[in-house]
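So, here come the structures, one by one.
Both complexes below contain subunit A, partnered by subunit B and then by subunit C.
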Partner chain A sequence: MAKVQAPSLTRRWLANDRQREAVAGYLFILPTLIGYLVFVIGPIIAAVGISFTQYDMLSPAKFVGFDNYINLFKDPRVWTVYGNTVFFTVLAVSLNVGIGLILAVMINRKMPDFLKYIFRTTYFFPVLVALVYSSIIWQFLYQKDTGVFNYYLSLLNIEAIPWLSGRQWVLPSIIIMDVWKNTGFAMLVFLAGLQNIPQVYYEAAQIDGANRWHLFRYVTLPLITPTLFFNMIIFMIGALQVFDSIMVLTGGGPGDASRSIVMYITEKAFQSFEMGYASAVAITLFIVIMLMTLLQFRVGQSWVHYE
Partner chain B sequence: MGELRRSSSRRNFLRLMGAGSVATLLAACGSNSGGSNTSAPAVNSGSGDNTLTADTKATISIFNFGGDADKEIYNAAYARFNKRYPNITIQDNFVPSGSWSEFTNKVTTQIAGGQAPDIINIAIEGARLLISKNLVDPLDDYIAQDPGAKELTDDVDPALTKAFEVDGKLWLMPHSWNNMVIYYNTKMFKEAGIEPPKEDWTWDDFLAIAKELTRGSGADQIYGFGVPYFNFGLVPWLLTNGTNQLDDAWTASNLDDPKVLEAYSFVYDLVHTHKVAPAVEGTDTGALFAAGKVAMSGWGHWPIQGFIKNGFRDFDVQYWPRKTAGTSVHGVGGWGVCSQSKNKHIAWEIIKELCSKETIQATADAGVAIPARRSVAESPEFLQFPSNSKIFYGSLKDSKPVPSPANFTDVETIIMRHLGEAMSLSTSMENALKAAHTELSASMEKLKG
Partner chain C sequence: MATTSQVRVSQRSERKLITLDRSLDVLAIVVLSIGAVLMAMPFAWMFSTSLRPFGESYKLPPAWLPTEWHWENYAAVFQSNVPFLTFAYNSVKVTLITTIGQLLTCSMAGFAFARLRFPGREVLFVLLLAAMMVPGQVTIIPVFIIMRTLGLLDSHWALILPGLTSVFGVFLLRQFFLTMPQDLIDAAKMDGASVWATFFKIALPLASPVLSALAILTFNGTWNNYFGPYIFLNSWEKMTLPLGVTALRGFMASGSPSIVMACVTMTILPVLLVFLFAQRWFIEGVTQTGLKG
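Take a look at the complex of A and B:
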């Protein structure tokens, strides 16, 4: 029986092109799907589970219900680090994306090719430098008493700025470095977007008497809104998870003045070994990022124009 | 300057390294029972039928820590071991130097993930955590049953083994250690006509010298002192004022002691009141010291090789200045046998090789840490440079281990975070220490529970 049926079964499967394609399709996405389940969904579920326990990784976990979440709302440090992270995100995203757009528009006009290459490479270069190296250099530039910036400011008789030690200065200092480092990436993405805008739109607008501002406002800007949207989402998610630049530059200090939420999670998880509490904080961050991304998509519908 | 930066000056690196032991290196401890024999001696250590022969087959994994120089020294030690026991494979999971706190956290995470090694290299900062979680075995039985071990233990100062004694048992075998002493630029002292500091100098003497050496402005600004701004580097100010971060048993916060406030305030004043030291945040003290921009600072033994490599030799060392007590802080690194190891007797045998005179001597030659073995630390080679090098081992008798309870990383981060608030003028030192005391007390309470 088996001998007879097996081939016929195979034939029936293979006979149908659509089914065959569907199977092939699922097979193709299977590796990604497994990876996603194992490395993304799995840890998220585990984190949710751990967030209801008291767990130091070396002794068995103890179920504590919602204790971690209750403590989290009472922990003033959580509010501080969330505040820092939001402040950083708003400014870093606006500046990275805004300056990236300006640079891209400036480069995307008629000029000799070699100049274009030079500008593009120059602005993109910081993206390629390992963050730890550039952070060390920026640390040297920012130092209050022996740093380069304050030396030049002193020549102008401006008092030394506590770039890394002043509570109100430290986050702006980190944002300045972040923009120097990352705006080149936004620029590159914008350039790709700009180059996709058909020239005919500009010609048509010019015939109608549009000036340069009009061209930018009514042709360029609407047509690159998908790119703008993409950049905003990418930079927002990156900024909400900011870690290494702050770690190297200030270690989160002074006090908690520049500590980000991810740094706080790391401290709780891998220094204090409060895995349960760290997971609870991580879950809140997950929810915040998800909500903000959804919000962006929702709001985006009204201003993003897909051709 | 690259090497110097790496080995001595980056704030982060220092802070961590400072944690005491930097050490790293293996160094010193014990002796090599049967060591230099090329034929495999049959040794019996540990309990049970654990006789090692040339035919013994096993794979031993080690969690290890240090710089490039250390790695070479370890590899040479393994090669010597493999000459005697060719069928034992040693896997060294070598973590490049960051800090002991970082390393401890990494190790703990890995063990928690079910990847316990056989041998572990850990500093005092991480020792209590491992001991409290039963992750390492006491070494007393191995030592008692191994006739070759006596030579090893006899050569190590009791102050070092004491750092690894809990409940009357020895849990780790010290290999190397570090402390904090004052480094001063001999050339700058000479040019300013200032006598080298005396052994028993006081905070007042220190401050007067620092003031005298501070001069210039803008690009020509020179500071008398560069604050070693990391936990380990700040503890000497407390100790020389007759106090400490925790009580003697390391069970409760002592930050409410007025003497603690006085000591940390002294550091604060150096920067903000007397202005004899640059702001602590983002300052690369090692680079400034080597460039002649700060005349004094504090380190253990670890930056010396970096300074020499960069052609900077105009410095000497002196004991920490005292207020009420002549003392300093030390941290110790040691080897432990993991409790989950299936080859504990082999692990012990390898530890002895890592603590052999040969290995220790190599460590001392590399010069990062102070060898735990007195015979090596007092050898002419080790004492050659800087000229007052005798104070490194010499300071041990009066110095105290850095407070390292099982929640050490909490202690360190809580104190440094709040100090940061005060040093950056966000709050007063008094308020910062009050807040730190409250937070630290809670952490210490949790430890008891």
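Take a look at the complex of A and C:
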């Protein structure tokens, strides 16, 4: 078609097929590229810059060197919120991933299809419900005097537990809800991983005289290590940024007993308008996430089994 | 010699193993059933409470299934001065624009990274992937300053603009387009189709399963987003459902959790319906992300 028309100036200019393809390529990635320059790359660089200043958005930023970072190490609240976040992350990741694996292994056993469907649906559904709605529901269940949990405990003659108001209880309570909410995701990913293991491996192992435990230990487990690894990374990155559930359940209280690092960043940035200091804390979180992920990858090399 | 007795022994142990296997199957079903009931209980409590008459919301022992049907709690949500419908409209608007935008930009970029040759392609792609590691909370302060400069604070654009593209989506579609047969593209080229036509008429229709998965994940993520609205919005008439419902829960409650639960039930219901009808795509979306890891 193009050959019949008289070649216009631009046409001739782009006559070369390769050039035309390259231009199309750049145009196709342009929206994504702009989005990433403006909302990711730019802000990362800016965040680093702001972290070396004192800035309240009203008066111009003042350069303060490493002051924010030095103050951060001396700020006892930073240590508290980091402690809370790490405690939450370690427990939430192990429980979500561990229970998800057990659920997947059980659902993967022989059972009627409709049961599989019902189990998969029931365990996965909370994943889709916004954390804030689950938290609103659980907040009522966790009430000390009127809550459902304490009612059942009272039937067992157990004293009412201050789920959301006791310093020792508050983080475990948030973790319990988090596992209820998210373990279905790990389960679904594990199910896909389990179904991807070729049946012949089991048959071959059985011919060699492997028993059930051997099958699980030497076939299933090594072959789902990539899935296990994926789940651990995803859950870890998510847990280090925990925010919604704690905001709704406790608002960080009592005191700072359940405040997470992201809650502290938003408090400093958008309530006390210490943008420089908040950015410095955010940068440390970024570094922690990067280091933990790299560490996982490094350690993963020794136990993750890729075919 | 001993073969017959050996066979007998192995048969016996085989039978024992099969019985053990059967009983483990049953045990798994029993454990999973108990777990499933526990999983469903918070939702059962939510629904039955939403139908309780005023003053009985805190009734103990809790009734897990509704005994009476006081639908007036639902009507009360609309009659109260809580702009529930406005929240719902805002949520639908932000979610739809974000999802459509993301499908378009991600499929275009995914196609280009998989199928079009241009200098710098690999480097740009790796840089994009690195960006996937950066959590939104780290960039929120500069993004807030950008929105403030553009005068977009307390507007839906502050939520929509950063969500119009996603590295995850680009990655997902690139992986899909890489598996598309080259013949199809060559044939289109021979017919004189432009790159744009090849993309729209040949590549996109083929990608519809992946697009559905991405659409559902994006829809769900945006619909449930709390952090963004919490940072950017502050007037009632701009709020989306998660922020509005949370902000107003004390106000709405006015002594009756039943009304709050009616409200939460109504916000969860669309998710449940979409899930039941489109479960396949949900699961595909999640497993695709899982297997690529």
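Note that in this section the second predicted complex is superposed on the first by the 270 of 307 C-alpha atoms of A that agree within 3 Å, B and C clash if a C-alpha of one lies under 4 Å from a C-alpha of the other, contacts with A are read in each partner's own complex, and residues count from 1 in each chain.
Just so we're on the same page, contacts are C-beta pairs under 8 Å (C-beta built on N, C-alpha and C of every residue); 3 or more make two chains touch, one makes a residue touch a chain.
Keep in mind that what you see is a predicted model, and the values were worked out from it rather than measured.
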| item | value |
| --- | --- |
| Fit or clash between subunit C and subunit B when superposed on subunit A | clash |
| Broader residue contact with subunit A after superposition on the shared chain, subunit B or subunit C | C |
| Contacts of A:S59 with subunit B and subunit C, given as first, second, both or neither | first |
| First (subunit B), second (subunit C), both or neither touched by A:I234 | second |
| Touching partner for A:A22 - first (subunit B), second (subunit C), both, neither | second |
| Contacts of A:Y151 with subunit B and subunit C, given as first, second, both or neither | both |
| Which of subunit B and subunit C A:D67 touches, first, second, both or neither | neither |
| Partner chain in contact with A:R212 - subunit B first, subunit C second, else both or neither | second |
| Touched partner set for A:F125, first subunit B, second subunit C, both or neither | second |
| Touching partner for A:F140 - first (subunit B), second (subunit C), both, neither | both |
| Subunit B versus subunit C as contact partner of A:S272, first or second or both or neither | first |
| Stretch of subunit B, among 109-117, 199-207, 235-243 or 379-387, that runs into subunit C once the two complexes are superposed | 109-117 |
| Shared subunit A contacts, counted only where both subunit B and subunit C touch the same residue | 57, 136, 140, 146, 151, 248, 270 |
| Residue numbers on subunit C that touch subunit A, as the complex places them | 17, 20-21, 24-25, 28-29, 31-32, 35-36, 39-40, 42-43, 45-46, 49, 58, 60-62, 104-106, 108-109, 111-113, 116-119, 121, 124, 128, 131, 133-135, 137-146, 148, 161-162, 164-165, 167, 170, 192, 195-196, 199, 220, 223-224, 226-227, 230-231, 242, 245-246, 249, 257, 260-261, 264, 267-268, 271-272, 275-276, 279, 282-283, 286-287, 289-291, 293 |
| Touch list for subunit B against partner subunit A, complex | 5, 10-12, 101, 105, 108-109, 111-112, 133, 135, 217-219, 221, 223, 278-284, 288, 293, 407, 409-410, 413, 416-418, 420-421, 423-427, 443 |
| Subunit C contact footprint on subunit A (complex, rising order) | 1-2, 18, 20-26, 28-29, 31-33, 35-36, 38-44, 46-47, 50, 57, 103, 106-107, 109-111, 115, 118-126, 128-134, 136-138, 140-141, 146, 148, 151, 180, 185, 188-189, 191-193, 196, 211-212, 226-227, 229-231, 233-234, 237, 240-241, 243-244, 247-248, 262, 265-266, 269-270, 275, 278-279, 282-283, 285-286, 289-290, 293 |
| Footprint of subunit B on subunit A - complex, ascending | 57-59, 136, 139-140, 142-147, 151, 154-155, 162-167, 248-257, 267, 270-273 |
